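Could you have a look at this structure, given as structure tokens, before my questions?
We just call them A, B, C and D in the order they show up, numbering each chain from 1.
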Amino acid sequence: MQRIINDPFHVVEDAISGYLKAYPNYFAKTENPRVLKFPSAPIRGKVGVVSGGGSGHEPAFLGYVGHQLLDAVAVGEIFSSPTAKAFFDAFREADGGKGVACLFGNYAGDQLNVKMACQLAELDGIPVKTVVANDDVASAPNDQRNKRRGVAGEILMWKTGGAKAALGGSLDEVIAVAQRTVDQTRSIGVGLSSCVLPAVGKENFAIKAGTMEIGIGHHGEPGVAVTNLKSAKEIASLALEQILPDLPFDAGMEVVVIVSGLGGTPVMELAIAYDTVAALLEEAGITVHRAYVGNYFTSLEMRGITFTLMKLDDELKELIDLDCDSLGLTQIRRSG
Amino acid sequence: MTLSTTACSGRALVIELVEAIEEHTMWLSEIDGAIGDGDHGVNLTKGFQLIKTRLGDDVISISQGLALIGKTLLTDIGGSMGPLYGTFFIQMSLASRDRDLADPRTFALMLCRATEEIADLGGAKVGDKTLMDVLVPAQDAYTAAIARGANLDLALREMVAAAERGRDSTRDLVAKLGRAARLGERSRGMLDAGACSCALILKVLARVFSRAR
Amino acid sequence: MQRIINDPFHVVEDAISGYLKAYPNYFAKTENPRVLKFPSAPIRGKVGVVSGGGSGHEPAFLGYVGHQLLDAVAVGEIFSSPTAKAFFDAFREADGGKGVACLFGNYAGDQLNVKMACQLAELDGIPVKTVVANDDVASAPNDQRNKRRGVAGEILMWKTGGAKAALGGSLDEVIAVAQRTVDQTRSIGVGLSSCVLPAVGKENFAIKAGTMEIGIGHHGEPGVAVTNLKSAKEIASLALEQILPDLPFDAGMEVVVIVSGLGGTPVMELAIAYDTVAALLEEAGITVHRAYVGNYFTSLEMRGITFTLMKLDDELKELIDLDCDSLGLTQIRRSG
Amino acid sequence: MTLSTTACSGRALVIELVEAIEEHTMWLSEIDGAIGDGDHGVNLTKGFQLIKTRLGDDVISISQGLALIGKTLLTDIGGSMGPLYGTFFIQMSLASRDRDLADPRTFALMLCRATEEIADLGGAKVGDKTLMDVLVPAQDAYTAAIARGANLDLALREMVAAAERGRDSTRDLVAKLGRAARLGERSRGMLDAGACSCALILKVLARVFSRAR
């Protein structure tokens, strides 16, 4: 396994240690070694915004801790949920007296641990409310949306929820905005290669050369179809065919688009795919308000791509456009 | 501090639970060993000993004692029982906070929240050969008793009896959840470890609460 | 080849098209399809700052076109120099009447084409001066530094040169700052896998599983040694052993550090390597003023890592810290 | 416009060069074919035809004509000769800009800058079997002549003679640079294509400049 690591059982600790040293402007240590917080968190009078999940998805989750974004994250082992204690400690680090919004993805482990963390928070009198991202259209039919996994669309609820909190929103308002973001967001992934968990040392699933898996999950969960490897144009249109009718996204709408690599994809390929996404959306009469093309939510060194669309309304647009500063996402609105 | 306040304190609750669990470590592990992985007694004992250490010399309320137990199990004990019993005790703590423990409705609320949240978390139903086979009949018996006008003591006694019947009922069940489920039919004929520990815990709780006058 | 592309001979065009659509805030089209400029370039009265090079290194080069960074770039085919015409057109797009600083890397093709572009600029009366980055310590001995290649250290001269120009520096001042940046910057790369040029379809060099190549170039140029794959700690110390004595970097100095992935490396591995870099620098009494850990200068899907150190002085520090906004690098100095 | 200004204009320069190159297309390509890839004549002809198209009906100065040739070769012609001849003409243009073309020192400066920049760019020396085997002796002959006090006409004639001797000298050389270098000893016995086109170009330049009075 061609990896730059020390001990395969210690990668998360080592990476956290490196991030803390590299970015003291974004990350502060907490009592819990598996919890990182934004240095100025908790901010008195602001709703705390928290997420967390397994490692190996960098810059998610910790890369979205930042100014007007997340206040704290719980960090799990590679591809596995943080403990309930880590979520709970993240709540405590983020709580500025107005409660905490925990915005996380729909995975059994995360669900269980967040639920338990919420009980611990209740014991301590910290009001916590949650939003569960389920943007992955490939993971269950539309009428069973509560079974769908959360993927790159999570970033958008962190962005809008973080912005709403920064602008002084109440816990209910932050939750409402994050929930609306999730409700209006759809994603799908396409895998071109597998990845290897450092502590396992061999692939836990396989994608044959010359094929691709449509609808693959962030941990290699099986998708909706394995097909011949197609062109970027075909991949992008297949993705939109799944996403557009699901909301549905219609002519006249304004959207945010994320095209994210899964870690091992050369970034120029993401731009190539976006080229078609933009063309197809224009054809469909859908306006792209803002696009993010890069490695925003990865799966170790997996080759592949995820497509995410979010329907905007006036409030969400303002929140998406608000300045933010983090390792994974920094936006400035310049006057000039 | 009088004997009676000590007796109905969280401190007593913790210490009596630790003793009960320690006393039954091997028994619980053996039962789990027959159809599970044999760590149930050891797991719980490790957790409760840690709780005792954390208690130190503190004098705390029942609700605080329940919280201490729940938090420790949730955060320091793995397996299925960390989250499940963690939830059990935390919900009991939340339901008893700032309430009159002598009022039988308090214990009713505690049982109800604990049972509901465990069901929600673990998804087990009566008949699945889990601690739900103890909890649900215990709760039913208790609420039926106070609905009938029984006092706290009597209601608790009826609850314990129902819990023990529930525990014994698991012997003839086939496990539907957890590790033992993999055995299918072969899981029949042995008690369920979680059901045994749950009946034990309810018995201690009943003892402590029946002193809460 | 597991790629998300359309035509292997058209990847650069397709990617440029995608970037233009995704980031109208960073990129504007020019008459030359191989030249991108910052939308507000040229800025009257500001020295234009230009770079360029082969594609496949994204976010380099185009990702550093931005606010207080590069004004325009010339885009070459994958791993090959832009044409002289493209460099020349980039000069014209960037020239705001105070001349143009062309800050590029030490590769034969780039050297030749920039030289020719400078002649074209001279014909048109545009004053152009150049700085050639040669930060790669593995590519030639210290006494033949003019033979060394430019790698991730190029980003730092774009940052300081771009900042100096933004602050109103003259062409000579911008050139002086960029040259000083190069003079005080050292890099080395370590390769763990090769990469495949889309139009070639097979590896043009190989790295055996279980081995790594110390000193590898950005296009797979052979390094100083092929060894067994080592731990992150060992890799980081080997890198510093090459870099530190070369300047030399000594106790008491302040530095900027870049730890960049080569494209296929999971980003958490970069953080793991940085952890050791930071520890070793601390031991050596060297203060890290700012660290960049991420995919800043890649080589398609190559697995591997580059280490870059730059010695600061007061002026360079101010320039490094100046706000900037681009696809590859966005920095905000917040008051709070 | 009088005949004389037309004659010494950039327009005439361009047209006469295009004609000379077109006339020798096949010859140059054949020479390149013997030890190179056989595209030299075709490459140059393509370039110069494009230059003629770009010229259109424009009336331009010598310096502008040289710039037009240099720019077009540099930006539109690949291979080795695009950059090398592009540089040649651009440097000649820059060296002649706003200068008195009748002053023999102007052409000396043009030759000097062109030769130096080509040497710098391509790294070729006399004896490497390239156009440098023409350029260097041509420059030497020209400067020696004007140092002796020769007039422009005479100096240009001596330059052309030296260029042609240089061209012929390449026959006995082994190529050290460019494509032909791969043949090693086998490159001996044939002229160098670049040397041939260079001698041709210098001859046209000499003709145009000798009218520049």
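Convention: a residue touches a chain if its C-beta (ideal position, glycine included) is under 8 Å from a C-beta of that chain, and two chains touch if they have at least 3 such contacts.
Since the structure is predicted, the reported quantities are computational estimates derived from the model, not experimental observations.
J.: In the chain contact graph, what is the shortest path length, in steps, from subunit A to subunit C?
T.: 1
J.: Measure off the straight-line distance from the CA centroid of subunit C to the CA centroid of subunit D, and report it in whole Å.
T.: Distance between chain centres, rounded to whole Å: 38 Å.
J.: Cα centroid separation between subunit A and subunit D, in whole Å?
T.: 62
J.: In angstrom, rounded to a whole number, how far apart do the mean CA points of subunit A and subunit B lie?
T.: Each chain reduced to its C-alpha mean, subunit A and subunit B end up 38 Å apart.
J.: Centroid from C-alpha atoms only, then distance subunit B to subunit D, rounded to Å. What do you get?
T.: Spacing between the chain centres: roughly 99 Å.
J.: Got the subunit B residues that touch at least 2 other chains?
T.: Residues of subunit B never touch two or more of the other chains.
J.: With chains as vertices joined when they touch, what's the shape: line, ring, star, complete or other?
T.: Contact pattern: an open line, chains touching in sequence.
J.: Strictly by the criterion at the top, what is the full list of touching chain pairs?
T.: Pairs of chains that touch one another: A-B, A-C, C-D.
J.: Quick check on the complex: what are the subunit C residues that touch subunit D?
T.: 83-85, 88, 112-113, 115-116, 119-120, 122-123
J.: Please give the residue numbers of subunit C that touch subunit A in the complex, ascending.
T.: Residues in contact with subunit A: 2-6, 11-12, 14-19, 21-23, 40, 55-56, 58-59, 67, 190, 192-193, 195, 207, 209, 212, 229, 231-233, 235, 257, 259, 263-275, 278-279, 288, 291-295, 298, 300-301, 303, 305, 323, 325, 327, 330-332, 334, 336.
J.: Sort out for me which residues of subunit D touch subunit C in the complex.
T.: Counting only subunit D, the residues touching subunit C are 67, 70-71, 74-76, 83, 86-87, 90-91, 93-94, 117, 121.
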